[in-house]
Every structure is written in C-alpha cells, then in structure tokens.
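Take a look at the structures below.
In the two complexes below, subunit A is the common chain; its partner is subunit B in one and subunit C in the other.
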Partner chain A sequence: MMKSSFLRDCLIALAAFAILAVLPFVYPSRGMSDFVIRLAAFGIFATSLNLLVGYAGLESFGHGLFFGLGAYTFALTMQKLGTSIPVAFALTILLSVVVACVVGAICVRLKEIYFAFLTLAFQMLLHSLIIAWTPLTGGDQGLTGGVPRPPFLGIRLDQPYHLYLFCGGLLVLCLLLMRHIVQSPFGYTLRMIRDNPARATFLGVQVWRMRLAAFVIAGAFGSIGGMVMSLFVSGAFPDFAYWTISGEAIFMIMLGGTTVFFGPLAGAIMLLMLNDAVTKLTEHYGLVLGIIILMFALGLRKGFMDYLAEWWRGRQMSSVAAPAATQARPLPAQPVKVAGE
Partner chain B sequence: MSKGSDTRRHRRDFIKTGAALTATAVAGFPFVSRAQNKPIKIGMPTIQSGRAAMVGSSSRNGCMMEIEKFNAAGGLNGRMIELIARDTKGKPEEAARLSRELVNSDGCEILFDSESSAGAFAIHEVAKDLGVVVMHMNTETSSLTADPKLRVPTAFRASRQGIHDSIAAGSYAAKIAKDKGLKKWISCSPDYAYGRDSTALFLEYLKHFYPEVEVVGEVWPKLYQPDYTDALTKILQIKPQAMYSCLWGGDLTAFVDQSTIYNLFTQMESFTINVADYTILTAIKNLPKGLHSSNRYLSTFPKSEANAKWAADYRAKFNEYPITWSWENATGTKFILEGIKKAGTTEAKKLADAIRGMKIESPFGVDGTVTMREEDQTLVNYAIGWGQTIPKDPFMPDVTAVDWKVIYELETAWKKKNNYT
Partner chain C sequence: MDLPALGNCVTSLSCIITQSTSGLIIGMLLFLVAAGVSLIFGVLKVVNFAHGSFYMLGAYLTLTVYGVTGSFLLAVVAAAIGVGLFGLLFERLIISRVYGSQVLMQLLVCYGVILILDDLVKIIWGAEFRSLGMPDVFLKPPFLFGGGVVPVYYLFLIVLTLIIAVLLGLAITKTRLGKIVRAVAVNPGMVSALGINTGLVYAGVFLLGGMLAGLAGALAAPVRSIVSGMGLSVVVESFIVTVIGGMGSVAGALVGSLLIGLVRSFGTIGFPLFTEGLMFLLMAVVLVLKPSGLFGRET
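And then the complex of A and B:
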C-alpha cells in the first residue's frame, strides 16, 4: 500500500517537474523563473518547518538557524574552497545535520515555550556569530563577491534556465522526500507523539529520539532552502539568520495551513505573491500584510489549505449522509481524516 | 452577372485595402511613434519604509532634480526618463529580487542603487548577472569599487567613500591636534562593521599625520541604542583630550543631546564626522558650538552660487533640506543622463564606455566638476571639508577643504596594502 502511494507520489513529482521544465517555453518570463527559484527556497524551508510544527508538535521559533547556516556554509564553501556544487551541497547538509544533532539534543527535551525560545536563542547565536566574524562572513554587510557556479554534470547554473530548472527540481525532490517521510511509520509516530506523548511512551516509543530525528531532518531540509536562496542572490546576508526569517516561515505555514502537506507551500506562494504585489503598490507593506494575516486569523481561524481540506471533507460527508438519511439505514463507519494526514 | 461579380470583388478589394490602410494608420504608425517615444525606464531599489525610510525619499528627490531637467529638455530624442522606485525594506535578498524584477518584468534598462551597503552588494551581483548598468549612489564601503575581484564593467559608484573620508578626517584632526596639543584620544562609535572600520581607519590616518597621538579608550555603543549614559560615564572617567565618533542618524542625535546634559563637549574637542548634514543639524535640540564635523551636505560648502542655488531649488521643490543622499543621487543621475546623451543610447556597454572616466560639471565638486575615475569607476574630486558647528543656520560657517592630492596619495597606498591594485 505504502509502496503504491510512493509510486503515485513519484509520478506526480515527475509530472510537476515536467510542467516546470516546459513552463518557460509556454510563458517565457524571467520574472516567473525568479519567482519559482524564490518559491523553491521558501517552499522547502516552510515545509521543513512544518515537519516540526504540524507533524511533531514542536513549535520552533528558530528554524531560520538552518536557513542561514545553509546559505552561509554553501556560499563560503563555494567561495573559499572552490569545490563543485554537489560537494558544497553535501558538506552543507552534513554540517547542518551535525548542528541540528547538537542543538536538537539540547532543545527537544524541553516543552513548548522553552523549546521555542531556546531554538530562537540558538538562531540568534548564529546571527551574532555572522555579525562578529567579519573576516570570514563579511559581518553585517554580508558575504560579498558572488557565489561561483562552476558547471557540473552538464548543468550550468550561470545559465538562467539551468538555475531555474535546478531549483525547481530541488523543490520537487525535497517535497517528494518530505512527503514520503510524513507518510512513513516514522511520520505517523510523530503525529502520535504530537497528539499524546505519554501514550507514545507507554507504547515503547522513545519520544525524545523521535523528536530529535524530526529536528535533524527538518534542519537538513531547512538548510537546502538557504542554499537555494544563496544561489539566487549569489551571496549570503545576516538577514538569512535573523529571527525575522523564522517569522516569515511561520507566517507561511499560518497562511497555508499546518494540517495539509502542501499547506506551507501554498502559504509560501501566497506570501511571496502578496509581497511582490503589495511592494509594487504601496510602501506600507507591513500594514497590508498585517491586515491580511488578521483576516486569516479572525476570519478563517486556520490556514487556507486547512480551510479547503475541511470544506472538502464536509462536502464529502454531507454527500454520503444525504442518501443515507433518505434511505433511513444505519451508515457504515466512515474513515475520518486525522489532522496532519 | 460576371460584371456585377467583378464590381463586387473590386469593391471588396477596395474595402479590404482601405481597412488595411486604416488599420496601419491607426495601429501601425503610432506603434512606430510609440517605440520611438518609449520611456527609458530606470529601476531604483531603495529603502522606503521603516526607520531608514529617509534614505529612499531623499535619494528619490535627488534623482528627480536631474531627471525633470532632462525630460524638460526633450529627453533622448523624445524618450523621457521614467524612474520606478521600489521598497526593499532594507533587506538584501529583497533588493536582489526587486532589481531582477525591475529589469526582467518592468523593462528597466538601468538600475539606480540607493540602498544600504549590504543591499548594494546584492544589487551589484544582479547587475553582473544581467549585464545592466548600475549606479551605486549611497554605499560608502570602499571595497565595492576598490577590490578588483568585485569589479563589474557596468557598475559605477557616485557616492562618497569611507577611505576618502577617513583620510580627510585624519588629516584635518591631526592638524587641530598638533595646534592644540591633543594627544589623548578616545573613540565612541557604533558597534558594527561600519563603526569599527571607519574608526580604525580614522585612527590610522590620525597617527599617520600626528604619531604622538595615544588612544586611551574605545567605547562601542550598540546600533540604535537609546541611552548613552554608560558610554558617556566611561568617556568622562577616562578624561581624554579629544573624541572621535562616527555615530550617525538618530543614534548621533540622541548621543549629542545626552552629551550636552553631561557637558561633555566643553571638556574635550569632539570630532563627530556625521554631524554636518541637515537632518542631524536640525534634529539636535541644542546644537553645541564647536563640534568638528565633515560636510555630509552643506549648501554653503563648496561656497558657490551653483551649490546654493541647487539647495534652494531642492528646498523649494520638496519643502525639506537636501542631505548627503540627495546630492549623491543627483550626481549619480547626472552621470547616467550625460552618459546617455553622449552614447546616444541606453545599451549597457556603450553607456558604460561613455560614463567611464567622464568629468561633469557639478555643484558638489571641488572646482565645480566631479569625475567618474576610469580605473575603478568611482566618484572622485567631490568636495570634502571639515569645520566647526554653530547653533544656528548656516550651522558650519567656515569649512576647510581637504586637499585631494593627499587623499589620492594615501588611497593608493591603502589599495596597495590591501592588494587592491
């Protein structure tokens, strides 16, 4: 069953990649390509945060630690060591995993607000390190001089189409992998821990280990988001490790929703589009964005995809319930979708 | 029958031909005309919101001073300049995104960078990537144009540079120090890259001109710190003879106001490099007499009719004082517009070739001209001077100009030291 659903997901991913590959020929716009690259960075980043928030019940305020770490490690590796892009990618993910292990081991045993603030503290520690270590990181002016993009395996990231396709491909691949993780027994264990950690412990699950694993996986994916952003801007800046970047990811999952896998991606699309449109129209970006967030919080009381999923489930239930009521027969038990599926 | 059919055909042909001509007349010729009169779009990523929003407004105003003159004179063969400014919110990644959007989606042919230093480096990379002409007009970070590894053939800088200001400051301060025997110095600068780099360079050149100087203390208040009591207490405890500070903006205003309460400025000579800008001069509650400062922008320096007129026109137009970003952006804009006129096109390579090494008339130049130096595509020969404040307009009546020969000589040595040659 799981194999067939994974196969289905792979086919969907292939189709999505094919659409992305063809899109620039149907709609040739550098603006659209840039949007997809930024979406890849923030889509991967927000979805990875949702592994913690939506699936593991770990509300991290410091996930930007990995975005910043990914951007700086990748850019520095390319600039200083002159390695190939795949090697820089591998080194960055490796370092992120190591850092996530250390930070996670300290944080995941803590509860709720303590976990949230300790992760934030670690993120700000990285930010301070970036600012203070000027000879290496460029301090508050950022890592300047550009990120080299040497060709590898026939891929030339200095070509706009190649960069677009590479980032789009990474987005699809990361989403596929994260989807596979949340649909695996590990993913369901995380949901159980989120809903009732005491029960999970009684069932023999080592809760902190599972949480640590989720933290490390989310950190690794978060760093990929940072790498994509570093490729886009051809540099790295302290803003990438500042608390506001975590805030943006939280906005994205709030807008898109936490209980549907594609919620954070939808949130990323919405926030990026809002940003682009509002910036064109007014200088009062914060005010407009605040009002929209308020509308979601007070009006929908949930993310957009959560709302859609609930509406769809309600529609399905009512279509089943209506003929049943007419026939006045007892209904068979309906499978109820659990939040996070 | 056949004749009637022929007549109808002729009539149809006539109608078709007429319709085609009308369509051409309505759509075609105006199309050609529209192409000729298509505006030259210039994209301007800048900060328009938050506590640094003044960067955007003063920069845009500076640009408009020149653009309106150019458009009023008929533009480039009827093509007018259209400036599209967008808010980067002070985020470098947003500066990069907007720069790309302005070129790729809005059809901008040139970029005006009116951003902070971090944003400027991000825009610099975009210009390299897209091959468009960019004029950096706010960043003072010297390495942007001094470091050959960062150089981009289509990127220019029309703002003052940190290294120029540090040499000028060191040369002026050393002269005063020698005259008054000021040997014990302290620094009080913001704790981030600009503050630390600027202070280190100032002290280096102060000692270069007056080796007897001794630095007896350093105070590093945080950026945007509201209360300077601890810094002021420390300075007063150390009792130096002179103080250097490169605090700026609201931080500088707060520092000067709080220092006045402690009578700090009566106890030592103060060299506050960023005071002489109208935003600061008019924001300080009781501007102390005798603060030494560099001219960020003053309508009285250079003392010329052109400069005074430019400042008066600016005030009349925008109902506010021009500041340093205003003159820098006006200067950058003028280089671009003169370049467009000279090249007769906005094509990046030809325009860059026209601007490189160009000398233009300018109210802000030492001798009424400024130059876009060929070797590093950066602005030189702009007026740098130092003087002392008085509490009311003109705020700094006597300004001593710093000799550019000294600046060139020491800048060359600095470049060699940093392997920038």
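And then the complex of A and C:
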C-alpha cells in the first residue's frame, strides 16, 4: 500500500518534471520561467512551513530564519570559498540542520504562543546579525557582487534554461521528498501529536523529540527555498531574513490551505500572481496586501484547497448516501473576492 | 566584542550614570508598550502583534499635533487618546472576530493591519525619517550627577513613566475595576455569569493598552527618529519583556523592561554587534530557569 502510493507519487513527479521541461518550448517567455523559479523558492519554503503548521501543529512565526540562513550561507560559500554548487548546497543544509537543532531544542517544548514568538525572536536575531556584520554580509545593502555559477555534471546554471530546469526540478524533488515524509509512519506520528499530544505520550511517543525532528526537517527544506532564491537573484538581501518573509509564507499556506499537501503550493502560486498584479498597478503594495489579508482572515478563514477538499469529500459522501445529505459548501470562484464582513 | 571599553565604562561614575539614564529611558518607554501587550495577553490570551504600530501611530500623531498647536502637552494627550480610540476600534472591528481561532490566524490579522498602517503612514507623512526636535519647555541646561550628564527631558520622562507604572499597578491590584480585569483573565465564563459584560472589559483593556502605547510613542518622539516600521522591534522587545517578567504582571513588565533597557545601553558599549543577541540570551535563560517568568504564576 505504502510502496505503491510512493511509486504513484514518483510517477506524478516525473510527469510534472517533464511538463516543466517542455513548457519553455511551447510557451517561450522570460516572465514565465522567472515565475517558475520564484515559485520553486516559495513553493518549497511554504510547503516546508506547512510540515510544521499543518502536520506537526507547531505554529512557527520565524520560519524565515531558514530562508535567510539558506540564502546567505549559500551565497557566502560560493563567493568566499569558491566551492562547486552541490558542495555549497550540502554545506548550507548541514548548517541549517545544526541551527535548527539548537533553536528547536529551545523552542519546541514551549506552548504555542511562546513558540511562535521565540522562533520570531531567533529570526530577528539573524536579521540584526546580517545588518550589523557588514564586512561579511554587506549589511543593509545586501550581499552583492554576484554568486558564481560554475558548471557541474553537465549542468550550466549560467544558461537560463538550465537554471530554470534546475530550480523546477528541485521544486518537484523537494515536494516529492516532503510528500514521502508526511505519508510515512513518522508523518502520521506528527499528526497524532498535533491532534492529541497527551495520547501520543501515553502510547510511548517522545513528543518533544518528534517535534524537534519535524522542526529540523522543515528547517532544512526551508533553507533550500532560500538557496533557490539566492541563485535566482545572484546575491542575498537582508529582506530574506526579515519577518515579512515569515508573514508572507504564513499567508501563502493559509490562503492555499493547511489541510491539503498541495495547499501551500497553490497559495504560493496565488500570492506570487497577486504580487505581480498589485505591484504593476500601484506602489502601495502593503496597503493592498494588508486589505486582502484582512478580507481573507475575517471573511473566508479557510484556504482554497481546504474548500476544494471539503467539496470533494461532500461529493463522495453524497454519491454514497442520499443526495440530499450533502454538506458540501459551494466553492468560491475566486478565494480572495468574498469579504464576509 | 569590546570588553575593555565596557570595563572602562563600569569603573567610571560618569559613564555609569550616562548609560544608566539612557538605559532607563529605553526601559521606561518599552514598559509603556509592554504593559499593554502583557495586559492584553493576560486577559484575552491574544498577542497583539500590531501593538508596535500603535506606538508608531502615537509618535506620528504627536508630530502633527505638535506641529499644528506647538504645545507638547496637548500633543501627548492627543496621541494617548487618539491611539486609545484606535485600539478600541481595532478590538471591536477586527481582533474580536478571531478570538479563539488559531494563533497563526490572529498573527495573520495583525500582520495585515501592520502592512496597512505602515503604508498609510508613508502616504500621509512620507517615507523619510522624521524627527520632532526637543520641545522648548525642555531646552534647559542638563543636570550633572557625579560627572554624568542627564538632560531635563530624560528626568521628566523617567519620573512620569514611574508614576504611571505605580498608578497602573495600584489600579490592577487595589480597585474594583482591576479586580474584574483579573477575574476575567482567570475565568471569563464565571465573570459573565455574575452579570458583568466581559466584551466591555475586553474593549476596555484594548483602550487602555492603546493609550499606553500612544503615550509611549508621544514621549519617544523627541528622542527617537520617527519612521514607518519603527514599531516592529518594539513589539518584539515587548514580547521578550513579557516573557522575562511573566504574562499579565505589571511589576514583571516594569522589571523586564528596565533589564532590557540596561542590557541595551551597556551592551552597545561592550558588544556592539551582539546587543540584540544579549536580549535573546537573557530571555532564553529565563525561559529555561523559570518558564512562567520572574513574576508570573505557575500555570
């Protein structure tokens, strides 16, 4: 059962990768490939946050710590040490795991609101370090001077198509791995802890250890999102470690839905498209985004994929039972349109 | 790290006095914001992440009212009342709709409000740094204590906020209203069954928290630069303060704020790169040794 579903996921991933590979030939556009690369960064990042929020019930408000850490570590390793890209990737993930172990060990035993704010505090700490340590990080100007992209294994990231395919492939691969993790016994243990930690303890699960493991895994994937971003902009900026990154990621997973695996990805697509549309129309980006957030949080309250999943379950129920028993709620045409004041 | 400089400072009386007063200033301003955050959390179990924006609004309101009327006293009063009313509206229209939902949903709502306020402030007052300048009343020669220079305004600020702290503490512990607030924090259902309108208490707590934050912004205006986004570091520090002092405790908020203020002012001499890190370190130590905070009750 387990094995066949993993095989199915692998096939879906391969198909998705094939579609991504062909897409630029069918629809050649610089804007599209840039969008996919940004989506890779934020899709991986948001999904990794949802490992914590949706599956482990750990409401982190400082996940941007790993986005910034990943971007800066990767860019600095490439610039100062001149290693190859896979080595820099491995080093960055290693450092993120170490940091996540330390931060997680302090944070995961705390009650929810303390957890949320302590993770935020650690992120602010990284941000202030980046700003203050100007000789190394370039301070508030950001790390400029470009990230070198030496070829490896026949992949030449200085060519747009290679970069596009590499980032797209990373997105597919990371989603596949995370999917595998949440479908594993470990993933189900996390769900049990989220729903009833006392019962999990009673069954012999060491709750804080499982939470720490989830925190470390999410941190490692989060840093990959940062690395993709750093590859894309060929540098690293303090904004990557600023709290708004965490806020945006939270909005992404809420918008897309936390109960469905692809919810965060859907949220990332929606928010990125929204970003592009809003920045084209007005310079008051924060004002518009803030109003949309309020309309969402006070009106809709649930993500796009949550509604979709509910509707789907309702349909299945009604096809089994009498048609009148359906509880499905109608799917809104556009998830950000309804303002239920 | 610059330990010799720190050593030089703590051995000279003038440096100790100068740094202590600047630490007290930071701490007392922080206290006004943190007391609101702590009260709101204690009563409603909601962290008002937008509280830093209240502080920012207070500073900008002061800028405008002082510019129009030229009276600093009037500006301070207007900022306190204006931001208090804003807090009331914020509670009634927005935050009361997410009581009892996920923590992240509450934070998301606050995030939205912060984005809106930061941008509105930029539209109304401009994106560049603004400053109020010292009001004429306080343009007097500074006091000298043992070689340390203490401006008149600093002394005024410390005394005023101390009076507010004492009044607030007395109001919470001694008056009937304070008793109701503490009761709502423990068991809102029972209080409501006894015929007290708890919704009114919630709104009142936000009004009070908003007034304190507005006052903090107004008092900070002469000594800080005013800019959109200035509230965030304050709200994070306020949270650190409430963790150190214990949620819902006025005395804890005061002690925590002063600790953070002193750490900041002496930290900039000894560890210029790591001042923020010192605060987080302090918080981590308290969390490990006494998770409920220095003045918090065990839960």
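The working rule: the second predicted complex is superposed on the first by the 317 of 341 C-alpha atoms of A that agree within 3 Å, B and C clash if a C-alpha of one lies under 4 Å from a C-alpha of the other, contacts with A are read in each partner's own complex, and residues count from 1 in each chain.
The rule is short, and it goes like this: a contact is a pair of C-beta atoms (placed from the backbone, for glycine too) under 8 Å apart; a residue touches a chain by one contact, two chains touch by 3 or more.
In this text the structure is predicted, and so the values were computed from the model without any measurement.
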Fit or clash between subunit C and subunit B when superposed on subunit A: clash
First, second, both or neither for A:276, with subunit B first and subunit C second: first
Which superposed partner A:142 touches (first subunit B, second subunit C, both, neither): first
Partner chain in contact with A:34 - subunit B first, subunit C second, else both or neither: first
Which of subunit B and subunit C A:240 touches, first, second, both or neither: first
Which of subunit B and subunit C A:314 touches, first, second, both or neither: neither
Touched partner set for A:125, first subunit B, second subunit C, both or neither: second
Touching partner for A:229 - first (subunit B), second (subunit C), both, neither: first
Which superposed partner A:254 touches (first subunit B, second subunit C, both, neither): second
Contacts of A:86 with subunit B and subunit C, given as first, second, both or neither: neither
Identified clashing stretch of subunit C versus subunit B [3-11, 219-227 or 237-245]: 219-227
Interface residues of subunit A shared between complexes with subunit B and subunit C: 284-286
Subunit A contact footprint on subunit C (complex, rising order): 41, 45, 47, 94, 97-98, 101-105, 107-109, 111-120, 122-123, 232-233, 236, 239-240, 243, 272-274, 276-277, 280, 283-284, 287-288, 291
Complex contacts: residues of subunit A adjacent to subunit C: 53, 59, 61, 106, 110, 112-114, 116-118, 120-122, 124-125, 128-129, 132-133, 243, 247, 250-251, 254, 284-287, 289-294, 297-298, 301
Footprint of subunit A on subunit B - complex, ascending: 48-49, 53, 56, 86-87, 89, 91-94, 96-98, 100-101, 103-105, 117-118, 121-122, 124-125, 128-129, 141, 143-144, 147, 149-150, 192-194, 196
Contacting residues of subunit A [partner subunit B, same complex]: 29-31, 34, 38, 131, 134, 138-142, 144-146, 229, 232-235, 237-240, 275-276, 279-280, 283-286
